[in-house]
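Two complexes, one shared chain (chain A), two partners (chain B, chain C).
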Partner chain A sequence: MAEPVQLQRMEPAIDVSEVRFRYSASGPEVLHDVSLRVEQGEYVALIGQNGGGKTTLAKHFNGLLKPVAGVVRTMGVDTRGPSVAELARTVGYVYQNPDHQIFAQKVRTEVAFGPHNLKLPPEEAARRVDEALELVGLREYADEFAFSLGRGLRQKLAVASVLAMSPPVLVVDEPTTGLDLQGSRNILDLLGRWNADGRTIIVITHDLALVAERVPRTVVISGGRIIADGATSTVLSEADLLGKAFLRPPQVTRVAQRLQKFGIASDVMTVAQLRAQLRLALGE
Partner chain B sequence: MPVGYSIYVERPSLIHQRIDPRTKLAALGAVFVLALAFNHPAVLGGILVLVLLAAQLAQLSWRSLLPAMVGSLWFLVLSLLIWPFYVKGGPSLFILFGSTISVNGVLFGLAMGLRVALMVLAAGVWMMTTSPQKLTVGLLRLGLPYKAGVAMTAAIRFVPLLNAERITITEAQQARALDLKRENPFNRAVKSIAIIGPLFVRSIDVAQSLALALEARGFAARDGRTSIVQIGMTTTDRIILIALAAACLLAIGLRILGIGLITRAYL
Partner chain C sequence: MADSTSEEYVIEVQGLRFRYPSSEREALAGVDLVVRRGEFVGITGPSGAGKSTLCLCLKGLIPAGELSGRIQVGGKAVTRQSAFLERSALVFQDPETQIIGLTVAEDLAFGPENLKRDPDLIRAAIPRMLHEVRLDGYDEAETYQLSGGQKQRLAIADALILEPDILLLDEPTSELDPVGKDEVFEVIAQLRRKRDVTVVMVEHAAEQLAEMADRILVMDDGQIVDQGPPHVLYRSAATFHRPDGERAPQIAEVLFGLLQDGLIDESEFCAREEDAINMLTDKLSRHHVRLASHG
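Take a look at the complex of A and B:
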């Protein structure tokens, strides 16, 4: 008798279902009925103005906050059960300010903190630390004094210290704050390489130009609600919708939209795309 | 956003808004004098009730007074356990560990517990009703050096700020699988460095930017400065101050006469 074929169903990386949240019982509701599904291997940007609920939502992903109503599942696990430290195995969370987490003297010790907390065997931990430092480009700084690194390098160190735990889902809160364009690009490229290995990445950011260049899916949060969710080129070209969250499409998209009557597409996201469109329109 | 932490509670009450911070400081001092002058639980209990009435007049909720009261309860229990072995007199109650426990001993233990409760509660009510800014202005008028005043306000201001930082740091480290609750005490102490370290760095950072910001805005360019917070003594203040002085003199007089005491042998 043939066994019925069991379909290997892939759990979504993050499954937020009708979540409501308030910080205190008497306080205002800050998330209203939010539902969001992120599949494994996706690279998603979470955008919106300050106080809109981005970080509040993201803190639900690793159980730092528990929903007042509704359910959050990460890789199929209800976040209300395990502790944050247990969920850290599945969801890595990089904080906005690296100075909130750097405490060790040496760069290497700092990165090893997470793997040791996960009780990995020493050789495995050392291998992961080396890999993470290599990936972020801090290899030659491994024995440097952690606090003496510049802002951009400290940000990379913060990312590396979470990457070393090798979580299948990674949440990064405003990794580009205080970084120049080169530093911001480096961080997003780094996240892109990590994503290419099949890991899920959710990045919270204000930098729409970089999102347009590098992140395929965008979710807009405003006033505690998800007001848009889709392909970055679609979401970021809808000026009216972005306006509701006090955002504007990237500059190059706005230029393209002004040139629409000359046959330029309205969902241009990068300078290279606009150049190609212009060439086409000019019949080159 | 992590919620900050501040002892002062803003209320539209007479005590919060009308009474000068210097008067409130004097009242706190007077309560301390009264608490030390008597050692009979009935008298101290009476003063405790007065402090609770003041808290009600200041529109403070019972819930906000709870931490101070629960904290003092420990002292009450401790003092009830210890003092009866030292203070004798009055009818005997029973014999414990070969020592006679007498009524006076129990009453004195009760009194010492109430004394601590009274001081803690009075200090709590004082901090909850006196805004740090007004207190600083009050102390400056009393002759506190200006820079010391700013240092004091900054220190008070730092408490909620650093608490918010501590919450953020703890969350960041939890996200790196730090679980202090599951560690044995030794490991917990060792791993706390992951929270204490960044907290130190952040506080030095914040202190340095505060110093720069103050200097950039002309701090200490001249001696003394005006203040947006205005305080002044009113007739009410003067009446309260006279009443406080009278109460203190009366209490010291009664102490000398031996009234309101369980024993003269102890303070």
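Take a look at the complex of A and C:
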């Protein structure tokens, strides 16, 4: 049994190869010949304009959608083979709208659903549920009705439900929507820690400032095509390219680029970097 | 006196308290708020602060629960019994609660038809509204097929087509791409240039809020805990600029840092991008000249 596991470890976490997709036979093509490879242990941001195809692509990673042409492999397994429930052990997917995911009455029951489905022993399942609720900061809400939580807390609940399954690959579709800064940072920090533990994380978001602070690799999708893929600092400083996907560099980058003639670096990405640059320029 | 007050203030809230039936905590725990005609008020604050509950109350959609205090909108008292508030429109936090039409065009027409507006005018308004929110050509698209951000765009158009005097928006840009966020703020700016529209907007996008809002309120635990115009409010160390603080525009965070370093003074602090660039350009030029004349 040890050998095949060893072999699987060499496989990319996600391997999308020349994928085309349309929602119905008569409908327009939504993904055009998309190829993307994410190695195990990577932390990747998927960004791009509304309707660009981010959610559609992400739903291919765990087999919720199957390609019309091309192949998607997760941890080496063709997603056309196993059922969505089987794939859920490998790839956790947090929906963009938490209400598409939440169906239990009580917060605790909702989070327990995954571990229960994995047929974990009850003590282990309970431990996972407590841990997941603790991680997203919902412990005090464990016995509340899920739909009495505000939108931001429901967002956290959706994340907790997937964390409790502890999948090696985690795909999170706009987890910071409607969260305050602390909530957003907490979620991204949490994903960062999970990544440090060796898990593969793919996060979809419009919050480029947080991406710049925390995510090493960025993929830009626009009009159903991947138009950029590389180190976050490179991708986010290319204003023209971002403009094509209705994105713009973070505010500090825009300001830095306007102050270039005073020696401010144009690839500034974070608040701390711009402050340091200005401190230097204004010091003496 | 009383008359001029109700003319000037379109929203007056006094001692508003609200508790949901299943909850021990008060969702609103004593809110006092007046909004002037034509004012743009931003509201921010953590999850569960009571922002959405306040929006629902202002729209007259008071949820089931215990309510006390006074709400007055457009000179009329808002109660559970009050008639439909025709002059105001609310963009709901979750677009899926708002969208009811099968197609985009049907969904847009639903609101104004309900208000018995002229069918020809409604038909003419639809493509214009879709253009405003960059959904041109989506008239016949089925609403369930829209992406998350496209649904949010439609929900905003649903409110705009009613041509309200009071526009209430509950995190209307949370799922929009960055340019889309700017566009929504620009549409609202244009609207305010044309008509005397009053805007109350719950929003976490601090950068855009700083550009547009006359005043920003910070809510926490059912109360308004801080408020002010952007260039004053975003200097508040109690609310922003700490690890568990609220989101401020990035440029305000940078300038707050420089303030602490003693490199700028309070009068130079600003929260708008262009103001900051002008201030810094000015300062850096003078600094260069000084360095040059010394060296």
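We take it that the second predicted complex is superposed on the first by the 270 of 284 C-alpha atoms of A that agree within 3 Å, B and C clash if a C-alpha of one lies under 4 Å from a C-alpha of the other, contacts with A are read in each partner's own complex, and residues count from 1 in each chain.
Note that in this section a residue touches a chain if its C-beta (ideal position, glycine included) is under 8 Å from a C-beta of that chain, and two chains touch if they have at least 3 such contacts.
Note that the structure is a prediction, hence the values are computed from the model and not measured.
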Quiz prompt | Contacts of A:G48 with chain B and chain C, given as first, second, both or neither | solution = second
Practice problem: Based on the superposed arrangement, let me know which partner A:G183 touches: chain B (first), chain C (second), both, or neither? | Solution: second
Exercise. Please tell me which partner, chain B or chain C, touches more residues of chain A.
Key: C
Quiz item: What is the contact status of A:F147 with respect to chain B (first) and chain C (second): first, second, both, or neither?
Solution: first
Exercise. Determine, under the contact definition given at the top, whether A:R279 touches first (chain B), second (chain C), both, or neither.
Key: second
Practice problem: Based on the superposed arrangement, let me know which partner A:L247 touches: chain B (first), chain C (second), both, or neither? | Solution: second
Quiz item: Looking at the overlay, what does A:Y23 touch: chain B (first), chain C (second), both, or neither?
Solution: both
Exercise. Have a look at where A:H206 lands relative to chain B and chain C in the superposition and call it first, second, both or neither.
Key: second
Quiz item: Does the superposition put A:D99 against chain B (first), chain C (second), both, or neither?
Solution: both
Quiz item: Which parts of chain A are touched by chain B and by chain C alike?
Solution: 23, 97, 99
Quiz prompt | Complex interface listing, chain A residues touching chain C | solution = 23, 48-52, 55, 96-97, 99, 144-145, 148-153, 155-156, 174, 177-184, 206, 208-209, 243, 245-248, 250-252, 254-255, 258-259, 262, 271, 274-275, 278-279, 281-284
Self-check item: Contact footprint of chain B on chain A as seen in their complex
Solution: 23-24, 59, 62, 64, 83-86, 88-89, 91-93, 95, 97, 99-104, 113-114, 117-118, 147, 161-162, 165
Quiz prompt | Footprint of chain A on chain C - complex, ascending | solution = 20, 22-23, 44-48, 52, 93-94, 96, 145-150, 152-153, 171, 174-181, 204, 207, 243-247, 249-251, 253-254, 257-258, 261, 263, 273, 276-277, 280-281, 283-285, 287-288, 291
Exercise. Name, in rising order, each residue of chain B that touches chain A in their complex.
Key: 1, 3, 165, 168-169, 171-179, 181-182, 193-198, 201-202, 205
